[in-house]
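Every chain is named by a letter (A, B, C and D) in the order it is written, and numbering of its residues begins at 1.
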Amino acid sequence: AHRLISPQLLGPALDRPKHIHKGDLGRLLVIAGSPGKTGAAAMASMSAMRAGAGLVTLAAPQSLCPVLEGLVIEAMTTPLAETQSGEIALSAREAVKMLLAGKSALAIGPGLGTHEETGRLIQALLLECPVPMVADADALNLIAQNPTLLKRAPSPVILTPHPGEMARLTGLSTNEIQENRTEVAREFALKNQVHVVLKGANTVVAHPDGLVCINPTGNPGMASGGMGDVLTGLIGAFLAQGLGPERSARLGVFVHGAAADLIAENIAPAGYLATDVMSMVPKALAGVWKNA
Amino acid sequence: AHRLISPQLLGPALDRPKHIHKGDLGRLLVIAGSPGKTGAAAMASMSAMRAGAGLVTLAAPQSLCPVLEGLVIEAMTTPLAETQSGEIALSAREAVKMLLAGKSALAIGPGLGTHEETGRLIQALLLECPVPMVADADALNLIAQNPTLLKRAPSPVILTPHPGEMARLTGLSTNEIQENRTEVAREFALKNQVHVVLKGANTVVAHPDGLVCINPTGNPGMASGGMGDVLTGLIGAFLAQGLGPERSARLGVFVHGAAADLIAENIAPAGYLATDVMSMVPKALAGVWKNA
Amino acid sequence: AHRLISPQLLGPALDRPKHIHKGDLGRLLVIAGSPGKTGAAAMASMSAMRAGAGLVTLAAPQSLCPVLEGLVIEAMTTPLAETQSGEIALSAREAVKMLLAGKSALAIGPGLGTHEETGRLIQALLLECPVPMVADADALNLIAQNPTLLKRAPSPVILTPHPGEMARLTGLSTNEIQENRTEVAREFALKNQVHVVLKGANTVVAHPDGLVCINPTGNPGMASGGMGDVLTGLIGAFLAQGLGPERSARLGVFVHGAAADLIAENIAPAGYLATDVMSMVPKALAGVWKNA
Amino acid sequence: AHRLISPQLLGPALDRPKHIHKGDLGRLLVIAGSPGKTGAAAMASMSAMRAGAGLVTLAAPQSLCPVLEGLVIEAMTTPLAETQSGEIALSAREAVKMLLAGKSALAIGPGLGTHEETGRLIQALLLECPVPMVADADALNLIAQNPTLLKRAPSPVILTPHPGEMARLTGLSTNEIQENRTEVAREFALKNQVHVVLKGANTVVAHPDGLVCINPTGNPGMASGGMGDVLTGLIGAFLAQGLGPERSARLGVFVHGAAADLIAENIAPAGYLATDVMSMVPKALAGVWKNA
C-alpha cells in the first residue's frame, strides 16, 4: 500500500513564467549551526539556493556568523543570541519570530546541537511557526523529548529522521524501525499528523493522511556526513516555493538521490561529498521536470 | 519608441591594444556590504574583475574586512568607519572622498543596509562624486528618501532598481510599474536626469535624453539572490573602463543576461548561482564583442 | 622477500550494501593543526571524507577552529585546549579520550607542531588509544623522542615517515635509510611491532610480522607540500572503515599514488597540489576496486 | 642586441628524478601582505606551489594570518610583528633572518604596503639575504627610496617592476621608459648589478652582464590586478628550485604569459583572473619543458 516516487508522481515542473522574480520563488529561513558544525548550516542554506529558492536567510549563533559569511555567498546571514557554549539561545525567540514574518518556509536543525535552551526554542517554534517547516538532525533529537507537541503545530511539519533519529522519536530500536520502515513511518505520521521522511536506502515518505511513498533514487555512496543537510535545504526550498509539504518532501528525496546517482554513474560510486551532490542538484532537477 | 539591445547596438569591442596595462582599464571603487550581506559586496567586486576592470577596490565596514579579504582575492579591500550596528558610517565621508580621488568609477549599494547614517553618506556622495557611478540595492532605497538630489549630481548616475525598488523611488505601486515599464523608466530618467536600468524580464534601460532600450537576454533562472550584485559589478567595470554611462548600462544588462543564458542552455535552466553567472561573464562578453 | 602492491593484493572492494549508512562507514578522529599549519589539518580531514569515511571529526587547537570551520565543510571540528603558543596542550587529554570513545580510528599528526606538551599528549595517547591509529608528520617527531613506547600500544599503530622522519625515529642517517629502505622499514616494524609506511619513490609498507610490500604507484610530481597529509587522511579513513592496518596502509599508499598518477598523466606532471590529489581519490579508488 | 625567449633558450626541463622529495625542490620564503592586500600574498605563495616549489612558507603581518591560513592550504604561514597600521614591522628583522636560514630563495613584495618601517626592513634584508631573491610591487617602491643599496646585495636580486615602478626606481618618466624599454632595463641592470624584469607587452629581462632577453608570450587580457603577484611566485619558485636568477627570470615570464595565452585562446581573451592563470601554470610549464 505505497506508491513509488517517479517524475510522473511528482507532477509538472514548477512554473517559472518569464516575469517571475526572486521574491516569487520563496523566502526561506534556515535556522542551523553550532560550534564545530557550521558546515551543516552552510550546506543546508546553499542547497536551498541550488533548488531554486529565491532568497535564503541563514540564522545562526552570532559568533559563527563571520565564518558562515565566507561560506554562503548568495545567501544572507543573520546572527542569533547564543548560549555560553555557543548554541542558539532561547532568548532568540522574538528575533526568530520577526525573521519568520516575511518568510514562506522554515528549515531547522542542521548542526544545531542539543542544548536544552535550543530545545525549548524549537518547541516554542513548533507551536507558533506561521509557515511550513522541515526539521532535521539535532532538531529531531530535541523534538524527540516531547513529540506530542507535533500535533499542535499550526503549520505543516516535515521531519527527516534517519533510523537512529527515528528510534529516538518513537522509542523503538533501530532494528525494529529498519525491519518495518514503511509501517513505522506511516504510523508516526498518522499519529502525530506530520510528514515523515525516513531516510536510508529507499527512503520512506509518509504523510499524515496515511499515504506512503517510496523513493527509488540514491546509492550507497551517499552514506557520508552532510548528505542530510543537503536534503533539508532541498525540501526547505521546495516548501518556500509553495509546492506544499507532500510534493516538497517527495521531490526533495527524489532529486537528492538523483543528483547523487548522476555523480555515482559519471564520476565515482563513493567518496563524493555532500557539496558535490549540492552542485549537481540543478541538473538533476532539470531531469526530473523533463520527465514529469 | 525604444530600441532592442544587440551586439551591433553595443558597438565595437573595447580596444585592448598590445601595450595596455591594468591602470588603463579602470580603477573601480565598490562601496558595499553590511553584517550578513558580505556576499553581495564580494560578488559586485569580483564581477567587476570578470568584466575586465583593471583594478578594483572594495570599501566596506571595517569589521567585515577580514571575511571579505578571504573572498575577493584579486581585488583589494579597504576598511570604512562603521556604525554600532556595523553599517558604513557617515564619518567615512572623508575617507571615501580620498578613495575616489584616484578612481575612474564608483559602484555603490550591494548589501549596504539601510542605516540612516549610510543614507546620509550616499546623499553626500551623490552631490560630490567626481566619477560616474552605478547605484543598486540598498543605495536605491536610501536615495528613494530624497530622489530630487539626483538632478544635482555632478557626474553621470546609473540606477539599477528592480520593480520593488522602482516603486520606492517613484511612489508608484509595483503593479503600476510593471504594467508600464518602459514609460515609467523613461519618465524617471528624464525627470531626474539619470540612467535607469529597470530590471526584470526584458530589462528597460532608459537614458536622460529620453531614449529607451530593451534587453533581450536573460531567463527566469536569474530570479535568485545575488544576481543584481553581479550586474552592479559589470556596469561599474564598464564605467571604469570609460565606456560611458549609455554603453555601460546597456552592455552590462546584455552581458549579464547572456552569461546566464549560456548556463541555462548548457547546464540547467534554474538553480545556478549568481557566482556561476559571474564566472561565465568573460565568455559571454567575448561572444558579444565577436558579434558586434 | 617483498611483495608488490596491486589491486589483486589489496583484495575485493569494501562492501557497500544497499542499506549501509554513514555510521557503518567509520567514525574517524583527526588530531591535527597548529598555528600556520591549518591546511595540513584540513587536508587530512577532507581526504578521509574522499576515501569514503562516514563521519570525520577534526580536533584542533581551539583558536584555529574558526579558520578550520571554513575549510572542512563536510567534516566536524572540535576545539582542544592549547598552549600559549597555540599547539594542542597536554590538558586536552581527557577531552581526547572522550572523543575517542565513539570513534573507530584515529589519525594524528598533520601540522601538529612539536611542542613538548603536545608530545606528552601523544605519548599518553599511544598507551591508551582504544582504536587503530595512523601517526604522521610532527607526531612522528614527537614519538621519535621515545620510540620504545610503541611496543606498549594497545591498538595497531601505523607510522608514515618520510626518510627524514625515519632518520629521527631510528637514529640512522637519511642516507643509510635510503640505501636500505626495505630492510630499515622491516626491522623497525618488527622491533617496535608497528606498521611502517616509509614514503618516497616506491613507498615501503612493512608489517610487524616481517612482511614487506612495495608500492608501484606515484610520480615525482608528488614531491610537494601537503601530499603526506592527504595520505594520512586516506589511511585513517580505511582504518575507520574497518579494513585493518595491513590493508589500510597498503590501500592508502596505492590509491594516493594512483590518484596523483591520474593527474600527472592527464593534466601535468608537476605543479598539481595536494588538494588536487585529494579530489582525484574517489576516481582512483574506484579504479582500484574495479581491478581487484 | 637582445634575444627572444623560447623554450630552447630556457633549456631542458628541471630534472625530477624518481627519488626526488619536496625538500629537494626548494624551500621558498614569501614575505608579503598588508591589510586589504592579503590576496596578493596568497597568490604569490600559491603560484609558487603551482610552479613546483617543494615547500612554501608565507610570512605575513600577524593579524592577517587567520585570513591567509584559509587561503594557502598547501603552503605554511608564519606571523611577523606588525606596525600599528598592520604592515610588517622593522622588529620582524630577527624573525625573518631565522626563517631565511633554512630557505633556498626569497620572494618579497606582493601587497606589502609602503610603511616606512617595512621599507627599512627590506633595505636591511637586501644587505643580508643569504639566498637569491625576487622583489616586486611595494618592495620595489621601498627599494626605490635608496636603489644604490642594490649593488651591495650579497645574493642575486631580481626586480620585477611595471613601467610605473620602473619610473620610481630610475627617476625617469613612464613615457621615457616605455619609449626605450630595452635600454632602460639594460642600463639599470648593469648599473645596479641586478636582474630586471620590466613588465608590459614583450616583457624585457635584463641581466647584470648586459644581456637582454625579450618575452614573446602573454596577451592584453593580463592587464588585471594580481597578475604580477603570480609572476613573483613563479620566479620565486624557480629560484628556490635552484635554476639560477637568469633562467628563473626568463622561465617565470615565459610561463606566466604562456599560461595566460592558454586561457585567452581556449576560454576568453579577457576577464580571466590572476588565480585562473595560476591554475594553468602546471600545464603551461609542461608545454615549455616539452618544447625545450
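Going forward, a residue touches a chain if its C-beta (ideal position, glycine included) is under 8 Å from a C-beta of that chain, and two chains touch if they have at least 3 such contacts.
Just so you know, these numbers come straight off a predicted model, no measurement behind them.
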Taking each chain's C-alpha mean as its centre, the one farthest from chain B: C
Chain A onto chain B, rotation angle from CA fit, given as a multiple of 5 degrees: 90
Equivalent interface positions on chain A and chain C, same or different at half: different
Distance from chain D to chain C - Cα centre to Cα centre, in angstrom: 34
Gap in Å, rounded to a whole number, between the CA centres of chain D and chain A: 49
Multi-partner residues of chain A (each touching 2 or more other chains): 66, 70
Chain-chain contacts as defined at top: A-B, A-C, B-D, C-D
Partner chain A, residues of chain C touching it in the complex: 16-25, 49-57, 65-66, 69-70, 72-79, 281-283, 285-286
Residues of chain D that touch chain B when the two form their complex: 35-39, 42-43, 64, 66-67, 70-71, 162-164, 178, 200-201, 220-221, 223-227, 267-275
